[in-house]
Each structure stands twice: as C-alpha cells, then as structure tokens.
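Next come two complexes built around chain A: one with chain B, the other with chain C.
Moving on to the complex of A and B:
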C-alpha cells in the first residue's frame, strides 16, 4: 500500500504482464452475486413487480380465503339494498345478502377462469403455433386453417349452445373460452417461430445435429416467449371480461356467481344501489390491469438481452 | 472401427463435381457452386479461399447438409464420408453426420448462440449422450480446450454477457463437444478484431491438433488460411480455380485470379505499393472464360 505513484516503467511492465496473461478472463458484468437468478432478479428488483404481485396476491387470498371470514353469501339475512357501512362493508344486494361475501366468492370463479384459460391458450398456442411456424409448408397450411376455424367461432354463441348441451359450469366455460381464444396466441407463436427459424442459433443447433423437435423445444420456443408472455397475460384479462359477458347473458352457475354475474344482476339497480355494480367492476379492473402490467414488466426483464447489450 | 482400412481406401471426405443451384427469386436460380471437387483426409487442414459470392460458404454448408430445406435447392454430384455417398441421403443420415462427425463454426458468434440459454447448457447439449463420464466435466473440458479460462464462471453466463472473442471460443467448444472427425469453420474470425482473431485462430489451431480433427477453413482472408492449412482451394464464381499445397499455391500461384488475390494481400504489407484491387475488366474476363481455366495440382487429387 504505497502512496507513491508508480513510475512509467512499472506501469509499462504491469501492462505487458497483463497482455502476456492468458487471453481471456471473465469480465464480470456486475460484481459478485449468483448469476443463476440474474434474469428473474432483474424482474424482482423492480418495485412495480411487488405492487402488481401484491395486488394479485391480495385478490387471490381474498377470493379463496376471504369467504371463510365473511358472512354467508346466500343467506338473505339482512334488509335489501343496504348501502356500504361499518357493519356491512359492501352493503347488501337486492335480496338482502351480504355483498362483501358475494364479491369475495365471485373472485373464485373469475380468477379460476382467467388463469385456466390463459394457461390452456398458451399451451395450445405454443404447440400449434410452434409446429406451424417452425416446420412451415403443409403443416403450416393445415394448422393455420385449423386456427382460423377456431378463431371465427363466435365465443358467445358457442358458449350459449354448450351451456344448453353440457350444463353451465366453470369447466364448460373454460373449455369454450380456451378453444376460441388460443388462435390469437398461436398466431404470435407462429410468427415468432418463423422469424427465429431463420436465425443463426437455429442453424447452429442444426449443425450440432439436433432433431427438429428438440430445436423447436430448446431454441425456438424459449426465444418466442417474450411476446407470448404478454399475449398470455392479456388473455387472463380478456378471459375474465368474456366470462363476465357470458355471466351477463346468464351462462354460469347461478349458485356461484362470478364478478361478471354480479355486474349483470346489478344492472337493474344502478340508481338505487350503485355499490352493486361498482365493486365487482372495480375488482375486474384491478385484476386485469395488474396482470397486464405484470406481463409487460415480465417481458422486459425476461428477455436477457434487452437493455443489457454493451 | 475400420479407420485404418477406410483411411487407405477412402479419405474422410471426398467431394466430386458438387453443384448447387439456389433459388434467388420466383423463377431465377443461381448456380452458387458448379463442379467443385475437393478431398479432406483424416487430420488434414484444408483451406477454401475466395471472395464473396465465390461459393465457398455454400460448399461448406453443402458438406454439412445445411442448405435450406427447399425443394428448389438442387444439389448434384457426390459428397462422401468414408466412401459413403451422402448426396440424396435422407435428412436422418445428414443429421447423424452433423451429430457425430462434422462440427461447424460460424461467422457471427452472437447470432449463432441461443440468447436465452446459458453457455454451459449449450455446450452440454452438443455432447452425445453415449459418453460415459459425467457431462459437466466434459463441458468444462471443452470450454477449456477452446481456450476459455475461468470456465466454471463461463458456463453460467448468457452469450450477451461474453465478449466477442469469448463467444467465438464458445462456438469452438460447441463444435468440438461431439469430438467430430471434421470441423468446418466458415469465416470463424471475420467478426473479430485483428488481435482477438489471431488468438482465436491460434486456439483453433491447437484444438484441432490436440483432437486430431480434420479442418476445413473457409475464409476470404488469404492470411488466415495461409498460416493454418496444409492444402488450399481457391474458389471463384462457384468453381475451384486453383488447388494445391498451401505453400505451393502461395509461392507460385498459377491462376490469374489467385495471383490477383495474392497481390491484393501483399500490397497491404508493402507500404510503397498502392492497395491492389481486381480491375473490372479482369473480372469480366474471369466471368467469361477465366473461371473455366482451372489449375488444380494433380498431386492433390
């Protein structure tokens, strides 16, 4: 630890030693830390991530644990159309039921439908869009036609018919929404796969002698994920909204009303009971917004090269 | 294995009269490669030089069966590994060739590495499963052989976190992971700056020597090829215009194109001489008749 400045000769000698050293060394892009988690770390470093995750966790917790602490959602125990108060936080509905309990319970159906449909759509979209885009040719033509067929099916009419045929329960709604909504994801995956298929690392993988399906799985699909993640989170929002529309038309289990169904029955009381429409609507709005924002932020962080290329 | 017998009978790779037509538009086709013949023996280093569009890269890709899967792509002639014909072979046979026999190193290391996969996994995936020893050790060994230091760190990195030279070394590591009999390096150092280029070439040289792998080095840069290869093929307009031992071709170029190519390199060294470029009139002459004149050392064949 000498304070004296090194002489030019020393500097030169040091520089030469450095040059003579083995050619490459790892230049850490950031000091210390475990790098296994660097992608997710970027995601979890953002404060906004916690806000959105917190909102969603709160909604999930409230919907699935909350009803245990709230009142009975079906007992007509109170006076009709009581406004929100200290005792009944969200008031009562037109039959005198505890509205807080009903809204909490409604979240179960809405969230279940939203997440299930998004996951199903993403899976179907990745498989079919990936195969079509990566292999091209005849497979592409057939799969695109199949996707187009499902895309033009009117979801609402299909749902009404299915509800009449198979009964109106959540599984039917999830299936109907999924089969009409997956083509949107598949198209994105297909376009991405077609682009990626042209890239160097796919050729590199071919040169390494990998089979086509393996290249699709480990090179094409992971790189197609950023827009797919966004599309999937959008699907969560859209599924919740379409489910609301279906509930609005009366498709759905009337004993387990979703937020959409609550909105539906609130329409006759907009002037006499504003809280009936406000709270389920607010819930839908908050969840859809949080999921979309989260997806957007996830997209930015999960792409390892965005904003980090030197 | 019948390596000895195969060595006597047939070289590792023999290409004869290879011609490749590629579609360039709705109707037009281009003869990217016409009647190229070349031979690579086990452990031999062969260079292919030529300017852009001379057909050298297409030849390299054809050897690995990596031309676009398009019914309009026409490959004729003969490509034989150990005497086994591969032109017209099913995709499966080509895939076996690429999985076990031929490694490729490409020009631009960033686009040829998967950006979403850690380096370690990319190397690991290129190692055939049948090898008995722990794969993780093998990954580290391949990276070290490719001249990377601090390999335990490197395996955890994503390609964009590495420097250009390191990425190129990762590509080398991937290419050697399967212990191929032949490595085709297509402009392996063109994307790197001059000093890094030298080091990467040196490593490639050492690696190929250590593993006793045959090498086909494709480059537009005579200087790169001259220092690393035993034999040299000069390509122009889709044809081999001159072939022979590297030292021979460099010291006594026979074909006017080779002479012109050499002059444009030498002029860079000698400050007195202006940078030589091939005059347009000469190009026209080459196009019309020059390329048809080939000077191929008969001893090579």
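Moving on to the complex of A and C:
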C-alpha cells in the first residue's frame, strides 16, 4: 500500500514506534561511539534502574535458588488451606502443600518462558528485520505478510488451537509465542536499518568496498540496538503475561505448574483461601511491572530527544 | 471516486487472501496433529461409528489431501464449521448462540476504554503538573502489567466475596434468562482496564506529538485561544492514530475475552472454546478461532473505512480533488 496515504497499519506502526520510540533526533552513533556510551551511562546513573534490576534479580534468585531452601512443593505434609503464618509464610494450598515452595517453583516456568521467548524474538527480529530493512526484497515481503497474519490471528488464539491439537508443554508454548511475537521486534529493526542505511558512515563503508552483509553486521545492526533492546525487554513482559493467561486457562504444562496454573486452581478457593489467588498474581505483576518500567526507563535514556514538548 | 474504489477493492482482496492463509494454516495444523485425522477432529472420545462415518464424509477424509483442503475451505465459506462431537450439533450454531454474550461484554468495554483512554491520555499530555502526568503514566504502566485475569479475580475477591455487592459468576441469577446489569459490571471493567491503559499511552504520545507540530504554533501565533488550539487543532490530529489503535484493539479484545469469560464464568464464545479444549473437541476450537479471525479481519476493514472518512487527506484523495502526492 505504498501508493496510499498512510494506511492504518502504517499509522499503527508509527504509533507503536512512538511508544518504543527509536531515536529519531539522535545523532548517528558509531559502534562504541561517545554518544552511545553516554546514553548507557545515563541509564546506569539512574537509581531507579537498580531498583528494577534488583527486583528482577531477586525474583530470579528466589525462583531458581529459593526452592533448595524451601519445603517440598509436592508433599502434602500439612493441614489443608492453612493461612500464611510465621512458620509457613504463604500458608498451604487445598491439598496441604507448602504454598511458598509452590510459588517459588512456579516462577521457574514463567521466567524461563519470558526470557526464552524474548531472546528468540530478538534473534529472529534482528535477522529478518535487518535483511528486510537493508535489502528489501523477499525478506521484506515475508516480514510484512507474517506481521499481517499475526495481526488477525492473535497469539493467544493460535496458542490455544495448538495446545488443543498438540498438547501443551513449555517448549510448544515458547515456540508458539516466539513465532507470534517476533514481528514486533523485526518491524523496529527494519525501520532502524532503513534509517541507518541512509547515513553517511554506511555510505563510506560501501565506498570503502565492504561487503553488504559485513556492513549490515558491523555498522547497521549495532546502531539499531537501542530500540531493539527496549522492544526485547518489553517482550519478556508480554510473553510472561500470555504464558500466565494460557496456564490460567488450563493449557499449560501440568507437570510444572507456573504462576498462571496456580491461579487456575486458586479460583476455586476465593472464599476460603485468599492467599492462594493473591501471591502468584502478585509475583507476575511485580516481574512484569519491573520489566516494563525498565524498558520505559531505558527508552527514555536512549531517546533523550523524545521529551514532552511544551 | 475511482481512487476510493481501487483502495477498498484492494483492501477487500488482501483481506480475503489473509483469511484464506489463516484457514490454510489451521488446516495444516490439523493435518500435523498427531494421531488419526478423524480422532483429531472429534477428540479421543467414544463416538458411534455412524458419527465417525459422518465426519469422514463431511470432510472427505478418504480423499486426497488437496481435495480435502478444498472441501474444508468451501465448507467454511458456506458457514459450515463442522459438527461438535457427541451432541453432533453444528459448530456454527453453537458459536452463534454464544457470540451475543461475548459482544455484550466486549462492546461496552470497547466504548469505555476508548473514551477513557482518549480523555486520560489527553489530560496527561496537556497537564503542566508533573505529578499528574507521572501519576497517569505510572498507573497506565501498572495496569498494563497486571495479568488481566488476576485483576478480575481481585475484583471478585473485593466486590463479591468480601463486600457482597456483586455476583461472582455467570450472566444472570440461577434459572434466569438474559443478561443482568450487576453481572455485567465486573467483566466489563476487567476487560476495559488493559485496553484503557494501552489507549491512554497511545493518546498521550500522539497528543504530545501533535502539540509539538508547526501548525500548533501557527494557530497560536494567529491569536487563536489556547483552548481552541487544543480542541480544534491538536486533538483532531492526535485522534487519527487512535482510530487505528482502537480498531485493531477491538479485534484483540475478542481474543482477550476468552480469559475474561473464564474468570467470570461468562457463557460466551471464549468459554465455549475453553470447554472444547478441555474435552478435546477440536472442531469447536477451530471454529471459534476462525470466527475470531474473521471478526478481526472485518473490524480491520471497518477501521480502514472509518479512517478514510476521518482523515481529510484520504478524503480529498478519494474525491479526486486532492493534491496528487
């Protein structure tokens, strides 16, 4: 639709770009250039950065190291539905299992899915988005069409269908969420590559006789990274939310219940065990919030030009 | 006028192609599913041989793959989404019976989140109070990060379990028909909240962008009052992205309704899908997925039409009087 005035899809893309705004007004940066270093420095000078990172580190530690110190998540060793107390910090569930141990274990699935999906999306996004933006042609067509496809078949629906047909486990969920979410990252890489391609230093690299792929790899992609990192960070949050929704709906991996799955069983005990529904949801919320705040703050630091105009 | 016909003709065609692609993907997912194709259609549930034969015939499962594919596509275009196992009810009828209930929560949520997002986003962009802007933006990020279903569960715990103000489940008191308002409140709020946060964020950023444009300065320098500049110049321009965002988000809201319906036991399309997944009733699962996809496509077309009406540049182009870009 290049001949039309901005199509809705383009306007939407522009609006989303404004949210994860690429550095439009920022001077071109060379790899390791002064400007970029100072942008990162600004990010790491903010105290809030350490708060978010600290929260995330704490949640990761609690989920992966914590279970070694907590009780057995599957032993029905206690009375059923004991409220939180000094001895059992999060009480027990409807079968008399230590709920703290279950919540800690639940974090493993949620965090693993979130990070794996984000890494896969970033990889796919960099490769396909970079090729699409830099060379156009086939990669560009694939990107546009696939992005369109997932605009009409939402991730959640496709995941539900696949879970129904193939059964759900962590790998299936990670693959499906990555397949549905990569276009968001790729679109940003594409826009950035197209912008950077016009810049003087790419031209001089061309004039110096470097091969196109080498220019893409060592000049274009490194300079496209800031908005990509922001988008990848946000993907972690979105993936955790969709995974938790899936396992809440009962299509997650039943062997290792994630936070969403815990909420699924908690809903039957809203009157008798409020803590069952409170804590897993709080964990999801805290992790996703920290990730999103980190992404927002990163975005602000890397795009100093996007401020409030008054 | 011809430009408009051309534009919408192309749009309809590409939407049709997109729909065909989705159907194709679903068809091949069904083929890839492990086990006997009949089993993957009817689930591993005991069914009569008669029903098995009926399914085989309806989908031509004894015929070559290409032929099966054509039959599948033609069936969908005739509104035939297959039969639900066990009851042998038509999937289309099952979905038609539920779709009204889904719309009953999706549409009010759409209206509330759009108006709310507009107003709140505009206020955040306009205000000189850092506290207010920061507060709104912070609340939006928080709302954005809450799992939708957990928010619903919290609302149930507060308003239903603790305060006893509102019912927890369903759409009407036991044994009653129709939809009761007090049953509608919590699902609509739950569904509207995330959307509202998203729309407020978009509105804020597009409003800030509009306020920074040259035409705002021009209008101001012509002596137009602050308020008129805001409402007549900045807001209309900031609204354009909102049209698109709202349209697209309505489609996604339909997918999100699956989760909300599960939280509140709301008997819509989404709950139908979840029940079908639990019973391995794949025909119903695919049917709902197809209906959601089709709704998203139709909504996207409508969004494009509305956009053409709202955007003066497109309007001018379509009437043939505009500058040719």
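Note that in this section the second predicted complex is superposed on the first by the 225 of 310 C-alpha atoms of A that agree within 3 Å, B and C clash if a C-alpha of one lies under 4 Å from a C-alpha of the other, contacts with A are read in each partner's own complex, and residues count from 1 in each chain.
To be clear about the criterion, contacts are C-beta pairs under 8 Å (C-beta built on N, C-alpha and C of every residue); 3 or more make two chains touch, one makes a residue touch a chain.
Source: prediction; values computed, not measured.
Once the two complexes are overlaid on the shared chain, A:133 sits clear of chain B and of chain C alike. Shared-chain residue A:218: touches chain B; no touch with chain C. In the superposed model, A:284 makes contact with chain C only, not with chain B. Of the two partners chain B and chain C, more residues of chain A are touched by C. In the superposed model, A:204 lies in contact with chain B only, and not with chain C. Once the two complexes are laid over each other on the shared chain, residue contacts for A:273 go to neither chain B nor chain C. After overlaying the two complexes on the shared chain, residue contacts for A:161 are found with chain C alone; chain B is out of touch. Of the two partner chains placed by superposition, only chain C is touched by A:151; chain B is not. When both complexes are overlaid on chain A, the residue A:183 reaches neither chain B nor chain C. Chain A residues 308-309 lie at the interface with chain B in one structure and with chain C in the other.
Residues of chain B touching chain A in their complex: 64, 66, 95-100, 102-104, 106, 108, 111-117, 125-126, 147-150, 153-154, 156-158, 160-161, 163, 165-166, 169, 171, 174, 177-178, 196, 199, 203. Those residues of chain A lying in contact with chain C across their complex are 1, 4-5, 7-9, 11-12, 14-15, 18-19, 21, 148-149, 151-154, 156-158, 160-166, 237, 241, 244-245, 248-251, 260, 263, 266-267, 270-271, 274, 277-278, 281, 284-285, 288-289, 291-293, 296, 308-310. Residues 7, 10, 18-19, 21-22, 25-26, 29-30, 32-34, 40, 125, 128, 133, 141-142, 144-150, 153-154, 156-157, 161, 168, 201-202, 205-206, 208-209, 211-212, 240-241, 243-245, 247-248, 251-252, 255-256, 258-259, 262-263, 273-274, 276-278, 280, 282, 285-286, 288-289, 292-293, 296-297, 300, 303-304, 307, 311, 313-314, 317, 325 of chain C are the ones that touch chain A when the two sit in their complex.
For chain A in complex with chain B, the residues that touch the partner chain are 22-27, 29, 35-36, 38, 199-201, 203-211, 218-219, 222-223, 225, 304-305, 308-309.
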